[in-house]
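Structure record follows, encoded as structure tokens.
The letters A, B, C, D, E and F name the chains in turn, as written, and every chain counts its residues from 1.
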Amino acid sequence: MTKSKFFAVGGVTAALALGTAAPAHAEVTAETAFILNSLSFLMHGFLVMFMAAGFCLLEAGLVRTKNTSMQLLKNIAIYSVAGIMFWALGYNLMYMDVNGWIGSFMPWSAADPAITEAGFDAAAEQGYAAGSDWFFQMVFVAATASIVSGTVAERIKLWPFMLFTVVLTAIIYPIQGSWTWGGGWLTEMGFSDFAGSSIVHSVGGWAALAGAIVLGARKGKYGPDGRVNPIPGSNLPLATAGTFILWLGWFGFNGGSQLAMGSAADIRDIATIYINTNLAAAGGAVTVMVLTQLIYKKVDLTMVLNGALGGLVSITAAPLTPEPSLAIIIGAVGGVLVVFAVPFFDKLKIDDVVGALPVHLVCGIWGTLAVPLSNSDASFVNQIVGIAAIGAFTFTASLVVWLILKVTVGIRVSDEEEALGLDKTELGLEAYPEFGAGSTGR
Amino acid sequence: MTKSKFFAVGGVTAALALGTAAPAHAEVTAETAFILNSLSFLMHGFLVMFMAAGFCLLEAGLVRTKNTSMQLLKNIAIYSVAGIMFWALGYNLMYMDVNGWIGSFMPWSAADPAITEAGFDAAAEQGYAAGSDWFFQMVFVAATASIVSGTVAERIKLWPFMLFTVVLTAIIYPIQGSWTWGGGWLTEMGFSDFAGSSIVHSVGGWAALAGAIVLGARKGKYGPDGRVNPIPGSNLPLATAGTFILWLGWFGFNGGSQLAMGSAADIRDIATIYINTNLAAAGGAVTVMVLTQLIYKKVDLTMVLNGALGGLVSITAAPLTPEPSLAIIIGAVGGVLVVFAVPFFDKLKIDDVVGALPVHLVCGIWGTLAVPLSNSDASFVNQIVGIAAIGAFTFTASLVVWLILKVTVGIRVSDEEEALGLDKTELGLEAYPEFGAGSTGR
Amino acid sequence: MTKSKFFAVGGVTAALALGTAAPAHAEVTAETAFILNSLSFLMHGFLVMFMAAGFCLLEAGLVRTKNTSMQLLKNIAIYSVAGIMFWALGYNLMYMDVNGWIGSFMPWSAADPAITEAGFDAAAEQGYAAGSDWFFQMVFVAATASIVSGTVAERIKLWPFMLFTVVLTAIIYPIQGSWTWGGGWLTEMGFSDFAGSSIVHSVGGWAALAGAIVLGARKGKYGPDGRVNPIPGSNLPLATAGTFILWLGWFGFNGGSQLAMGSAADIRDIATIYINTNLAAAGGAVTVMVLTQLIYKKVDLTMVLNGALGGLVSITAAPLTPEPSLAIIIGAVGGVLVVFAVPFFDKLKIDDVVGALPVHLVCGIWGTLAVPLSNSDASFVNQIVGIAAIGAFTFTASLVVWLILKVTVGIRVSDEEEALGLDKTELGLEAYPEFGAGSTGR
Amino acid sequence: MKLIMAIIKPFKLDEVQAALSPLGIQGLTVSEVKGFGRQKGQTEIYRGAEYQVSFLPKIKVEVAVKAEIADQVVEVICAAAKTDKIGDGKVFVMDIQKAVRIRTGETDGDAL
Amino acid sequence: MKLIMAIIKPFKLDEVQAALSPLGIQGLTVSEVKGFGRQKGQTEIYRGAEYQVSFLPKIKVEVAVKAEIADQVVEVICAAAKTDKIGDGKVFVMDIQKAVRIRTGETDGDAL
Amino acid sequence: MKLIMAIIKPFKLDEVQAALSPLGIQGLTVSEVKGFGRQKGQTEIYRGAEYQVSFLPKIKVEVAVKAEIADQVVEVICAAAKTDKIGDGKVFVMDIQKAVRIRTGETDGDAL
């Protein structure tokens, strides 16, 4: 069965059904299942929330010292804005009365028919607290927005970027999300994306790609002769800490996407998801280590970090169905893609500061394509249609927003501001004021 | 109903009551509820425990390089001492046979009447494992103590500070805590503070305020002409990481304060608490971004971090009852308060290194005052009485302890030691010995 | 009863037994217990997974700047490789058809007899999802491997180190693990090691000791006259953050080792474990603070961090049975051992960069020895036999592997590479390229 | 021989170095410094309090050259480092009595 | 013209700079250095092993001035940087042949 | 008096300092610099793109000595700093007109 977020409260239904047939005391009561399902959303949700910190540190570590404070600020701002916008508009646009292409325009309001004055009503339609689901969905949209900030770092103005974030989290992400997880046309068609390789990750990637194109590369990144001038990240311990936090958060991201924990089958599935998620990340990281050693004669730590994340993105569309060995392979292919996509985007002079395009866009597509390998309910054709539809919509919508911002308020700082660094010019605040300030020649 | 920690195992009782009335298999069994309630304490407890790391990094990032090791040491020491003292004295002083004003003097000892030789006894009085509750309460007192260390940083001697921490965690915090959460006179009066805007945060703030006054400002912070000389924090990535960790931990702080997870109503409430907690933090952060842009023409990252925390503290007294929109507003007001309170304390020449007074004291008071906005069981008069009583007691007791320490062992390092930095003079250990050592002119 | 990982699903059995005898609705149904047991593995498992980040930051903070990237890389590589090897070989070698001395050679494959086509079968033999157990066991082996990397830092070649990690996680760790947790001869004999003071920590320590001996000390660490030249860690905030993360993860490490959460007694035990774990760490940290102040007149932050970890390792063999006061004492003795073992290994010219030997080996032995203090089922003789057997096997096997690696591919970089730092010579990547690069004289 | 010491804006380093190559200059030494001068730093605000950033990051370039090309080197550096905005920096010229290349022991002109 | 190079204790920088203003000195350049001298660093203990900190953080101030005020400048610096404790540092005076202000091309006295 | 300025490889600092003690030199000042010279940095690869590291970390040692021992000091430094590999660095010798010890006001020879 395709595990869509819309339908997948199967665990609860199963438990309820069991309630009448199974031997006494073997089953889970409806209220217990309700609690456990909601707990899954909350516990996995706080893990995903922590990914905001992971993105923040990863990106802060991969920019130059002179743009670090700005990157920190943008990440905490994204997470804040995403939460508010998803309440004000996003959630209902994605999940409320979806007509196939779009939901409703109104703020979210909690309602829990299952809990009445008289107590818990097992016959009410939902198997979990509505708020727990909202919380879980909200942290997902924040992840999408975080992806963008890494790509466009070191040259974008703060406020126009925040405006883009508002539109992305309130409108673009929810609309395409409604097509699948809102039960819209892609779900009807049979498109399958368990935890969001496409719906979250490649959407972030497409929005970032549009931004990178409209914005242009950082000054000096590409020489006039087409030469690529590397601009090393300033703090690799931060970047590594961020990657570990993302890895941790991914257990919530994929595990929580089971959307239920109220039956033995559900918790078994969540366990399988944890295992596959972990093995895919491991496969990605190890593959990049070996490949960069072979190709470049030296292991590239920043690529290994990207590789682990690439493995994670790759398994996200189907973390439940693969065997462990297939999970490793799916992650490993993600790692290979990262190794080749990083220089590929450079060749196109698309300047992606932290490698978000290889990781989230390329591996997101790969992961979505790979679903039929382990899931016979999915077909390659349907997957391709889904990938293309989501990509076309997100890229176009993002492009339009970026272009409007460009011609109205402007999105890029001046060359001098870029040279001095955004921390000084936009924030007036250095990340490490006591050292590193006048770093040699940068 | 006022959610006090003392009374709020309502969920369990409700579930038990339901047990006889509701349709078969719809309810939660007493033992399952016992497990889930205890799990809530443990899971939310480990999140709150992690806040110790959050405080540590936040403070280490906001002091100067030369005092960083000391700040790290103090934070790990605080968490350690708080745990030991709360076992040796604090817990029973706060919760055991409270006579209205104070509990008993004796170490805590676990006892679980619910679990007998014969198995689980559903009729026993508590709905959770006693140890799980102890753990959850212990991590709270550690948070209180962490607040103080940020304010008095960069000039206080290590050991006198540790002595103050002992008294605060073993005696001052528990005594005032017994008035409300121990079921004492404030609870009887009708004072309401769900998760501790006053009982934890403003208590930390009052103790810090007393310390800052007795200790005096850092040398050079205030010019002779009343000028304020900013002393920028040395490592903003650390400060930001700390803030994210605190934000994560707050789901435990507020969510766990529901004190039960063994019924559908409880988990629904916890979900609501998560949502409101998150929205208030977001409201605080976004408000500070906008306000600092408007007032100062530049966004101040360190204030935004304080703003998110201010929003969190503000919602802590009533994270369950507000609608999402009200939660955002409560957090936003917290953000406004931070923006104005930071320069206000500077005007009073009260030198608060990390902004703990605006965040924990001012927003703690605001949050407690705001309870009646969403909770009709609370009244402004009762809230003000509670705030005043807790404040008067904590401030006075802290002042006395600080003054005794000052006249006996002394609490402040010499001017030369302060100039050289506590890391060298008190610890003989630099935080970053290979760079940043002789930072220009500081 | 001795709590071995092999036997300890007592909680489930108890609940099932209760199912027939206890009053209706008081007990936990078999399926609910199955869910809660599995949830304990997963939740505690992700906490232990996060310890990989803790080890990474701790070690990255305690090496010199010029070796930081390498330390980061090794830690993410270890965690990745451990997961893959434990799937490919380790798990079944440790747990599958153990004949007393060793299990089976084959990759792990999940199988959950408890969940059949017809639904959940309460009579099936296991009380938890097989995958959840695998996940929990996997994160343990990663911890063992992380211990080694800290000791041999700053001079070992990348790939030979990775080969050692492969052997350690696929073969050495699982074989000795099968003796106790796999139900082999040590369990039969009556050896008791609840969460792995010996099986995880001292095993990591023995492997590290063998490595440090074969590898030799860093150049310049010991003067010709026997003088010890301290080489300060470059980033103490990282090291402290790592320690806090490890402390957090330890609640998973010890708490999850209860191996069940499906009964009131189990969750009560988990709560007790959390408390003792926390108090032992606190006892270790405070003891080291006081001792270093008394002996050296200055508190040594890096030793305090080691002290907290030493306390944690010490309580790990018996975190359930001690009273709180005994837990503090067990941790405090761990702290004392750390203070004296650090210079002791220096006297032997065994160069242990991060203090892994004092913490994991010495305190691991102490913790295992201390089990009979609180657990009358354990005897000192049995404990000593277990410690000796595990130590002899692990040390010998590791020594052989290190020696083979030394004479074949070589394990140590050249003196010049060591002087320049592994980051430049092995990775071509600096951790902080914009500052700290040419740090004075190092 | 002369030691030419130039204080320049950090982002001009690459241009200065590139401009010196054609003169046959094969070595130079660079350090990070902070400069105080007519160019005032921005007034910044930190946590609500204003302050003047008086020390600005600069790069110090030191290059030893034969006396005969010293003037030319100064000119080239000035041309490359110039932005026409305040704070462009200074060039100072000093005498060197002796220069040695450590590796070979070559001295003076040969050592440069 | 003279280049005055002073090695001082880091926390004395602000005072030295303030003391130079009245002399009409409008610019100077500062770097972080480590000094080895009669002042011995504390004996520190790290993980149970003693070690001597022999390099102490100092600040190097370089200021180019007209020859006629050089002595006065040296005096003022010494007065401002003095703590009477060992390790206060040194002032060295060297000749400058030429000075150029990059922005304007002004030379020598006008460039300072 | 002479100011001897040596650019050396970082890991040679301890040896250079040790070699100077026997000559009665009681003080010196050290800074971190980056050197550009004949010694080329490795070609590194970062995220798939090659780049040349042209600035290498070096240490600058500055020591003021009496004129009569200047040559000897230069020799000792060269001997201690030598690895015979490219990039060993340079030593430059300059005149100092005046030296003052801030603490005591002693001047010239006595100030060193």
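The criterion applied here is as follows: contacts are C-beta pairs under 8 Å (C-beta built on N, C-alpha and C of every residue); 3 or more make two chains touch, one makes a residue touch a chain.
Computed from a predicted model, the values in this text were never measured in an experiment.
Any chain touching chain C that also touches chain E appears here: B, F. At the interface between chain D and chain F, under half of the residue numbers involved are used by both copies, so each side presents largely different positions.
When the CA atoms of chain A are superposed on chain B, the rotation angle comes to 120 degrees (nearest 5).
Taking the mean of the C-alpha atoms as each chain's centre, chain E and chain F sit 18 Å apart. Centroids built from CA atoms put chain D at 47 Å from chain A.
For the pair chain B and chain F, the distance between mean C-alpha positions equals 53 Å.
Counting partner chains per residue, chain F has residues 30-34, 44-46, 55, 58, 94-95 touching two or more of them. In chain B, the residues that reach two or more other chains under the touch definition are 27, 29, 32, 43, 232, 235, 241, 298, 300, 302, 428-429, 432, 435-436, 439-442. Contacting chain pairs (ordered by label): A-B, A-C, A-D, A-F, B-C, B-D, B-E, C-E, C-F, D-E, D-F, E-F.
Against chain B, in their complex, chain D makes its touches with residues 34, 44-51, 55.
Against chain F, in their complex, chain A makes its touches with residues 228-230, 232, 296, 298, 300, 302-303, 339, 342-343, 346, 355, 440-441.
Note for the complex: chain F touches chain C at residues 10-11, 13-14, 30, 32-34, 42, 44-46, 57-59.
Those residues of chain F that touch chain D in the complex are listed here as 2, 6-8, 31-38, 54-55, 58, 60, 74, 77-78, 81-95.
Chain A meets chain C in the complex at residues 14-15, 18, 21-23, 25-29, 32, 36, 43, 47, 64-65, 232-237, 240-241, 243-245, 247-248, 251, 255, 261-268, 270-272, 274-275, 278-279, 281-283, 285-286, 289, 293, 298-302, 304-305, 308, 323-325, 328, 432, 435-436, 439-440, 442.
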